[in-house]
Structure formats: C-alpha cells, structure tokens
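The same subunit A turns up in both complexes below, where it pairs with subunit B and then with subunit C.
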Partner chain A sequence: MSELSNRSKDIGEFVPMPDDDMIVCRCEEVTKGEIRKAVHEGLWTIAEIRRYLRCGMGLCQGQTCAKLVKGIVARELKCSPALLEPATSRAPMRPTEMHVFADETEETDL
Partner chain B sequence: MKIERFDLIIVGAGPSGLSAAIEAAKRGMKVVVFDENARPGGQLFKQIHKFFGSKEHKAKIRGFHIGEQLLQEARDAGVKVELNATVVGLYQDREVVVRMGEEVHHFKGDAVIIATGASENMVLFDGWNLPGVMGAGAAQTLMNLYGVKPGEKVLMLGSGNVGLVVSFQLLQAGCDVVALVDAAPKIGGYGVHAAKVARTGVPFYLSHTIKKVEGTDHVTGVTIAQVDNHFQFIEGTEKHFDVDTVCVAVGLSPMSQLLKMAGCEMEDNPKRGGQVPIIDDYGKTSVPGIFSAGDVSGIEEASSAMIEGRMAGVAAAEYLGFMTADEKKTELDKLSTSLESLRQGMFAPKNRGKNITETEEGIPISTNLLSKGFVADDEIERYPGVIHKAGIHPVIECTQNIPCNPCQDACNQGCISIGDNITALPISVKDSKCINCGMCVASCPGQAIFLVDEDTGDGKASITLPYEFLPLPEVGAKGKALSRKGEPVCDAEVVKVRSSKAFDNTSLLTISVPKEYAMKARFFKAE
Partner chain C sequence: MMTSDVIIIGAGIIGNACAYYLAKKGYKVTVLEKSDIIGNGGSSRNGGGVRQSGRDPRELPLAMYGIENLWPNLSEELGYDVEYHKKGNLRLGKTEAHLKTLKKLADSASACGLDVRMIDGDEVRQINPYLSKEVIGASWCPTDGHANPLKATLAYYMAARRLGATFITGEDVKCIKKIRGKARQVITQTDTYEGDYIVLAAGMASRAIAGTVGIDIPMVQKLIEALVTEAEPKMFEQMLGTAEADFYGHQTDHGSFVIGGSTGFELYKKDNGTPMNYSDTVPCICRGIIRYIPMLKDAKIVRAWAGWSDNMKDGVPVIDTVSEVPGLVLACGFTGHGFGIAPGVGTVVSQLIAGEEPVCDISGLKYDRFYAKDIKTA
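For the complex of A and B:
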C-alpha cells in the first residue's frame, strides 16, 4: 500500500489560516482555503481536486498553479509533493476552442 | 482527413529542438519542427549575455547570436520549421495533432522528439496576482524581444542564474533594481553573475522572502522579511520598498505533458525540476520512437540543451536506419564528452544541494559572495587570478569552479592559464607580459576580469573594467569608483574608453583612482 492510498491516515482537522482567501488558481479563481478544505473532505489526489474545484482546468491549464496546488495538498497530507500523482495529461494540451478542435482539415501540405 | 507523414517530428524550435533537427536532417531524414510561438529559437533570442563554456560550446558568444547561427544551420540542412503551430496532442503510434490557425492538422512521425522546454514557477504571497508581479523570464521577454521596459523600480525574488542575469539586464534597460531577495541562505547562481549586479549597488537579501506585495490594481510596494531555518518569517525584520514591479525567478518546471500523454514512463524528480520522462543518456524514452531533449527532461542551461538535442537527433536517425549503430556510437561519444565537460564544477547537476566549502584547488569559497553577492576585500587575495605586480596585468576575480575558459583563449601572451580542465580557476600568470589588449576583459562572460596597474607613477592606479551600459561615459568623465559591494569609495576619472567589434558590445572603461584603491574600485558611476 502506498502512503497515499492509505485513506485511514489521520491528517487532522481543517484549521483555518489567515491566508485562506488567497487566490491560487487565477483562471478559475480557486482559493487556498478551498483547496485545503477539499483535502479534508477526502479529495487526496490532484485529479480529484481538479474535478471538484476546477483549479488548473482554465485557460492556462495549470501552467502556473499546478505546482502550487500540489504543494498545498502535500502539506495538508503531510507528505512530499513528489508522491502526488500529477494531473492526467490529455488532448487538447493547450486551450482550443471546440469549433477549432472539431475542424479537421481535409488538406495538409507543409 | 489526411495525415501527412514525416520521418521525424520535433515539438519545440528552441535550442534542443533545432539542434536535433539539424542532426537528423543532415542524415537525410524528412524533418519538421512545430513551435507554438511566432518566432523560433525558444529562449535563446532573449539571452543577450555572453555564454559560458569553452569554444565548442560557443562560449563568449551572446545567446541571441547562437540562436541566429543555429537557425542558419537548420536552414542550410533543409529543416522545415512551422511556427504558430501548437501541438495539442500526441497519440498512439506517434500521431501528432497540431493546431494551425483555425484548424487542426494530423501528422504521423516515424520518430518524435519532444523538446518543449519548461515554464516558470510561481510562489504564493499576499498580492502575488497583482499586475506588476511577473516571472523574470516574462520581464526578459518584454525587454529583450519587445523593447518594453517592464517597470521603473523592480524587486527581484530569486538568486539563481535567471534571477541574477535578468537583474543585470533590468539595470541595462534602465530600471532601478531595489533589491535581490532569496529565501535560501546562499545565492543559487554563479558568483560572477551576482558580483556584476552587486557592484552596481544592488543590495542582496538572503534568507529573506516576500511577505506582501501592496497595491490595489497594480503593484505599488513590497514588504520582505527575514526567514528562519524553517522558512518562517522572523517578527520585526520587515523591510519595505516602493516598487512598481516584482520579478519572480524561483525555478522552472519541465513542460512534459505531451510525453505523459503518449504513455512515456515518468518520474517526479526534484533534481530535474519536476515531472520528467525516464530516459537513457541520449534521450530515448520508454515508448519506442519517442525521444526527448532539453529542459523538458531536466532543467539545465541552453548550452547543455543544444548538445542533448544533437544526441536525440542522432539517436532518432539510427532508430530509423539513417545511420549505422557504429556511426551513432562515434557521434554520441563525441557529444557525451562535450556534455560531460559542461556538467562539471560546483554547479554541476550532480552537485545540486551539496554544501561546497572549497574549490577544486582546495581554496575556501568566499562566504561573503554566497550571502551578499560580492567577494570581501579580505577574501579576494586568496584566489589564483588575483596577483600583484608592477605594470598592467589582469586581475581575475573568478572564485568558483564553473565550466568556462574563454579568458585563456583570449590572451595570446600567456598571461592567463586554466589548463585542460575548464572548471579550474584561472591563474593570472606572474611571469608574463600583458600588452593591455583588453581581450580577456571583453571575453569573460562573468565580467570578472580587470586590467589593473597598481601604480601609474602619479599616485594613481588605473583599472580597466567591462562596461555594458548606456550612455557610455566619455574620456574625462568624472564620477565615483564603486567597490565590489557597489558603494562609492573614491573619486574616479575615465581616462580611456574602448569599443571594438572584437569586444562584441562590451566596452572597456579605464578609470584612474588614487592608488590605494587599486584593489577596491571595480565599477564606475558618473556624476
């Protein structure tokens, strides 16, 4: 059992902090407090946190906040950030409008 | 839907991607390079400083000139570079999906090299998302690519090479750098980069970090405070600066998402900067036909990225049968030797995190340099580049083992000796005759060489120093000589100004100071 799949680990109660209202994910306006609370509500992986709060799901796709979110979650879980599985990588890797993504060109000649 | 096939598809037209493309195209491969930016070259074109290394690594050449050479080499080799082409997906069997304009295009590469580089890290503090807080790399892009001054008064957070180099460039652009701050107790980048910032008068605050950035709709000020060993603020140590810009240079993270998407085995390796693919020595990932090179597989310098790129290009060429295994081995051995020589010295990847107290020569490291950015007067004499003798001679204030030797090549009088080991500290050779040509001063990427005549006969000493600021002072200009710390120490007069094509935009100022300041005066500030 890896350290992180052990859900019986006691991470203690959520303790409010003075900087909880600081925005961490700028694109989706998610605060530090929301992320910390989510961990205490049982969301221990980056994938879960992303689905739950949408942090890292906006225009920059977590380019700025991914590492910050990982650090915050790791601190709550009292583990090294390196132990946390990063978010899934999937296409489109960069923000792409649906009308563009669906517009598969007939001709490609470079 | 049509899929176009290439022998090799490279993602990223930076130093490693272009280098890979050149090697592959030279072997007759049909190569395309996609880059999401409007210009090729990655970060090379904003590097206006001279690079370290030796001749084979293009040392003493400015980064953007290396970029131009690389682009020309790629053009000559017949490499096709597609710009404004964003790779949005890397699927099974190396199918590459690229957004170009308002359409997505599909390509198939028999081999794929991912050379997507890295992005800047951020750090959280109160006010971090106010306009005016930006990555140091972003500030560099504004200045050096677009000719836009990022701000008037800037505080830099981060003392790695990026923080140090960008601080110097901010000064060159005419910004006032009010402080260089780092939470770590020691400066992370090259001492020579720190020293050239310190001697202009920029104070260093180590074991300090940002507590709060102030402002309502943009930055108007910043408060820093000292931190203890556990990076907790120490009450009562706050210092406030009025600034309009805060630059953050706290490391880079590999942009490795495409590799992960393709199913390459990954690891979280803090020594390499984060999520990186597990690769062999030449960039081969766990997925057949997919290679990686440059910062995406571990943060290093552009010089290393270019060699890694060539290695991946060669590996891909052999993988597809465009060269034999023997040819590959010969090429890779050559490249490995070159890369190995860059990965030596105090700042080598293998030494990251180590507490180094002595140079390879057994000389104690300057602790003042690590904590304040300059070598103290009572420390400087112990290094082999610093000597005293009658007449003009080079004084080389190079005190850490870094892979760099252009000074040795620059002097044809034998006044400077490094030897074959390019990380060795340069020696100012006592038994030699300096002809005052100034080539060593201009060639030093760390701006650490001064030509000193301790006694010009009239109670004065002359000091020739590298100068990369505008306006260039004129002969006869009077002002103050600044110490290594950047404090005015005495009156100084400019007695000679030299600019030459061979100096590549580093001008040489010769100042005259009272002779007791021969070993103290290291910069000039006009009145």
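For the complex of A and C:
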C-alpha cells in the first residue's frame, strides 16, 4: 500500500501543455502528451504506461527514455519519482537473432 | 472499512472485465489487486489468442459468444484500441499423429457448431505462404483471431474506472470472512472490505483464498514463457498454433511477433517468488519457430518473459456461484487460455450476480464437478 494504491485518488484534470508533441521515446515515437494523458486515464505505474503506449519497448529497451518517462509520470501524479518502480529489464541484453538462440545446443569454437 | 456492492479479488483481465460489466449494470465495485501493477499476471504475459478452435466443448460457448458478440466491437465499447483481428487460426501439424490430434479437436468443436475443418499442406500455404514444407496439414478456423493482451487488460481497467469502479493496488488478500453464513468481508493486510458479493479472480492465488472459506479448487501453477521480436515487415494476420505445442503466436499491429512455446518442463519449474525465464526455453521456442517459418530465423528477439498460469485438473476454469458460501463467485483456473474468453466471462459473471440467466452455457464449469476416481457420476 502506498499513496498511489487507490486509483480513484484525485490527481486533477489533464491540462494540455505546449510541449505535448515532444517525442520522449524515440524508438517507439511516444510523445509527452500521450504519456501525460495515460496517467489521467488511470495508468499510474511505469509498467502499465510501457505496456499501453510501448515507450521503452523499442530497440533500446528504454535505456534512453526511462528516466524521462518516470519524471513525467511523477510530475503528473504529484509524487516523488522514487515511488515509481522502473519497468522490469528483460533478457536478452541486446536484440539477438532467433538462429543464434536456436543454436545453443551446438558446440562452437567461439 | 470500505463497503461496495461487489468486491473483486484480482485485477487481471478477468477481474477487470467483471468490474466493467458490473459497473455498467450500475453496481458499486471495488477491485483489490495484490501487485502494485494492474494486470501484472498472465493477462499481460499471454500470446493474445482469441480462438475457439482447440478448446474444450465446456468452455467453447463462452469463446463463441465473445467472438460473435463482444470482441468485434470491444475497442469502440471500451474507448481504447485493443487491436482485435478476426483473421483465422491455423493449428499446424507435421506428422500423421499431429493430424489425428487436430482432427479430434476439430470434430468435437464442429459438433458444437463451430466452423473449423482440416486442410492439407498446400491449402495451409495458400493461407500463409511463409509456412515450411514440414507442415503437412492443419485445422483451420476462419473466425478465430488475436488481440493485444496488454491493451485489452488495461482497456477494461480504464473503462471500469471511468464508470466509477474503485481499484486498490498493493492489497494482499488474506482471507474471506463469512457473516451470518454468507461471504461478506475481504480481509487484507491493512484493511477490511465489505460487499454483498465477492468475485474471486486471482489466478493461482485464488486457491489459497478460496481455502479460507473451505473451498478447494484443484489447480497447480505452470510456467508459461514467451518472447517478442523487433518489428518486421507485415507478413501474415492469422493466429498460429501447433499440435505439438512447440510454439504459438502472431504478428502484432506494431509488426513484432509475439510467440510463446514450451519445453515440456512447464509444470516442474521453480517458483523464486517472481516468474523467471529458464535458459533453455527461448532456444527451444526459436527452434520450433524456425522449422515452421524459416524466414524468421534472422528476426531479432528483443524481450522474453515468463508468467504463471493457473492450471485446473481438467483444463477448464471454474465460473460459478458456490452453494456452501452464498455471495462467493469463482472465476479462476483458466489454465493458460483465459484471455480470449475474458469478455464472455465478465459478461456471465455480471449476470450471475444480477440473478440473470447467463447468456451462454457455462454448466460445464461448475466448482463441484470434481470427484474421487471411484465415484461414479451420472
């Protein structure tokens, strides 16, 4: 339980801002306005934002935008960014071809 | 203490869909979720199949009703795009034994009125030219399809919340308490919630919670693992599965392929408190995919993940009221194929609570259908 547990808590209305068109996640082209709007629709965790908007799901896996997204969400929720858990990092560390995975049973000289 | 008409335990797609249809009927609903994240279990970790073929006849009416009546308009109804596509399901076979398995499933579904038939390898490749010559046949159900589970789960949540449903995250339910013979209170680590009805839709956690009012649901957990590729050019729109269950998946609107599979050890995985990928599963899924769709061998995998499914003894869920515990409604044990029937489940659960006749036959999904092996049932 935290101050963000009750999803009906009033966080105020969505107010459009002049820089809402700014792209925050470059890989998946997600804008600041889309992220802010999603918070007002009830998505209050980084995992939910990522699953709904795809920010941080592209080729860099959020290495560029994760902190920016967190800051935007925290400001919208009027809470400390420390309250927001980062989205789970997932294997593989870098995008890897299927045939490389599929060959794991083969002995190689690498 | 918070009082509502209905308390739902679990904010996965089942709990969220129940919340939506109940709120739409005017009920005051509170949803309790153990995780800090809405839809953090199987609802966000599955392959997105919205299919009827391959299902047990007992849950087929729910699947058919949903595909006929709910999925086609779901994006408009909820106000969020759930990326639903009704472009068919190919369940592929590579051996005569596979075809026999597929034919048996197709025959039992046909008997229930579903349009599903067996086709040969050439016809399979007319529908999907990327499939390899190893595929010698398939069952083909043109009205099956797929949707985006991440979006559908959150769409039900956002729509229910908009209708006034209250969602509390980080609330770990400890027990259900009866008052004067009726399930009435839900006790969490910090609070007590009271309602006229309690819907238990907490996946595998449902077993322990139901146990607090003396009801046992025979299910075990199974680790499901899946992966996603980077975006690829548009290739095909069908949902794919196999008789061997070595892979299943589809290409998303985004272009990526979401694919799941199995190694055969799913029932015997360790639970470290969080679902973790095993090192042998993604390689195994990749070998499966490459043999069916050789062109995908250079596709890059960007993420892999795992999740627990709640597997019922006989492979279909329990969706029922409980005569020993009036006020309790069970919706759990979906056995890894609950996503596609979630809209139907939400609808019938709202009807059970409203005292209406369920819109489709769920008589095969009762909680008291389990008997010891020496008891003869009619």
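In this section, the second predicted complex is superposed on the first by the 99 of 110 C-alpha atoms of A that agree within 3 Å, B and C clash if a C-alpha of one lies under 4 Å from a C-alpha of the other, contacts with A are read in each partner's own complex, and residues count from 1 in each chain.
To be clear about the criterion, contacts are C-beta pairs under 8 Å (C-beta built on N, C-alpha and C of every residue); 3 or more make two chains touch, one makes a residue touch a chain.
Because the structure is a prediction, the values reported are computed rather than measured.
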> Counting only touches as set out at the top, which of subunit B and subunit C does A:19 meet: first, second, both, neither?
Replying inline: first
> After superposition on the shared chain, which partner residues are touched by A:91: those of subunit B (first), subunit C (second), both, or neither?
Replying inline: both
> Looking at the overlay, does A:101 come into contact with subunit B only (first), subunit C only (second), both, or neither?
Replying inline: both
>> Between subunit B and subunit C, whom does A:52 touch in the aligned arrangement: first, second, both, or neither?
In response: second
> Touch check for A:5: first (subunit B), second (subunit C), both, or neither?
Replying inline: second
> Looking at the overlay, does A:43 come into contact with subunit B only (first), subunit C only (second), both, or neither?
Replying inline: second
> Of the partners subunit B and subunit C, which touch A:31 in the superposed model: first, second, both, neither?
Replying inline: neither
>> Based on the A-chain superposition described above, do subunit B and subunit C contact any of the same residues on subunit A, and if so which?
In response: 90-92, 96, 99, 101, 103-105
> Which residues of subunit B touch subunit A in the complex?
Replying inline: 1-4, 32, 36, 80, 82, 86-91, 97, 99, 102-107, 119, 121-124, 126, 128-129, 253, 255, 257-258, 260-261, 268-270, 274-275
> What part of subunit A is in contact with subunit C in the complex they form?
Replying inline: 1-2, 4-8, 41-43, 45, 47-48, 51-52, 54, 57-59, 61, 85, 88, 90-92, 95-99, 101-105
>> For the complex, give me every residue of subunit C touching subunit A.
In response: 36-40, 44, 150-151, 154, 157-158, 161-162, 166-171, 189-190, 229-230, 254, 277, 280, 282-283, 286-287, 289-290, 296-305
> What residues of subunit A sit close enough to touch subunit B in their complex?
Replying inline: 19, 22-24, 26, 32, 63-68, 81-84, 86, 89-94, 96, 99-101, 103-110
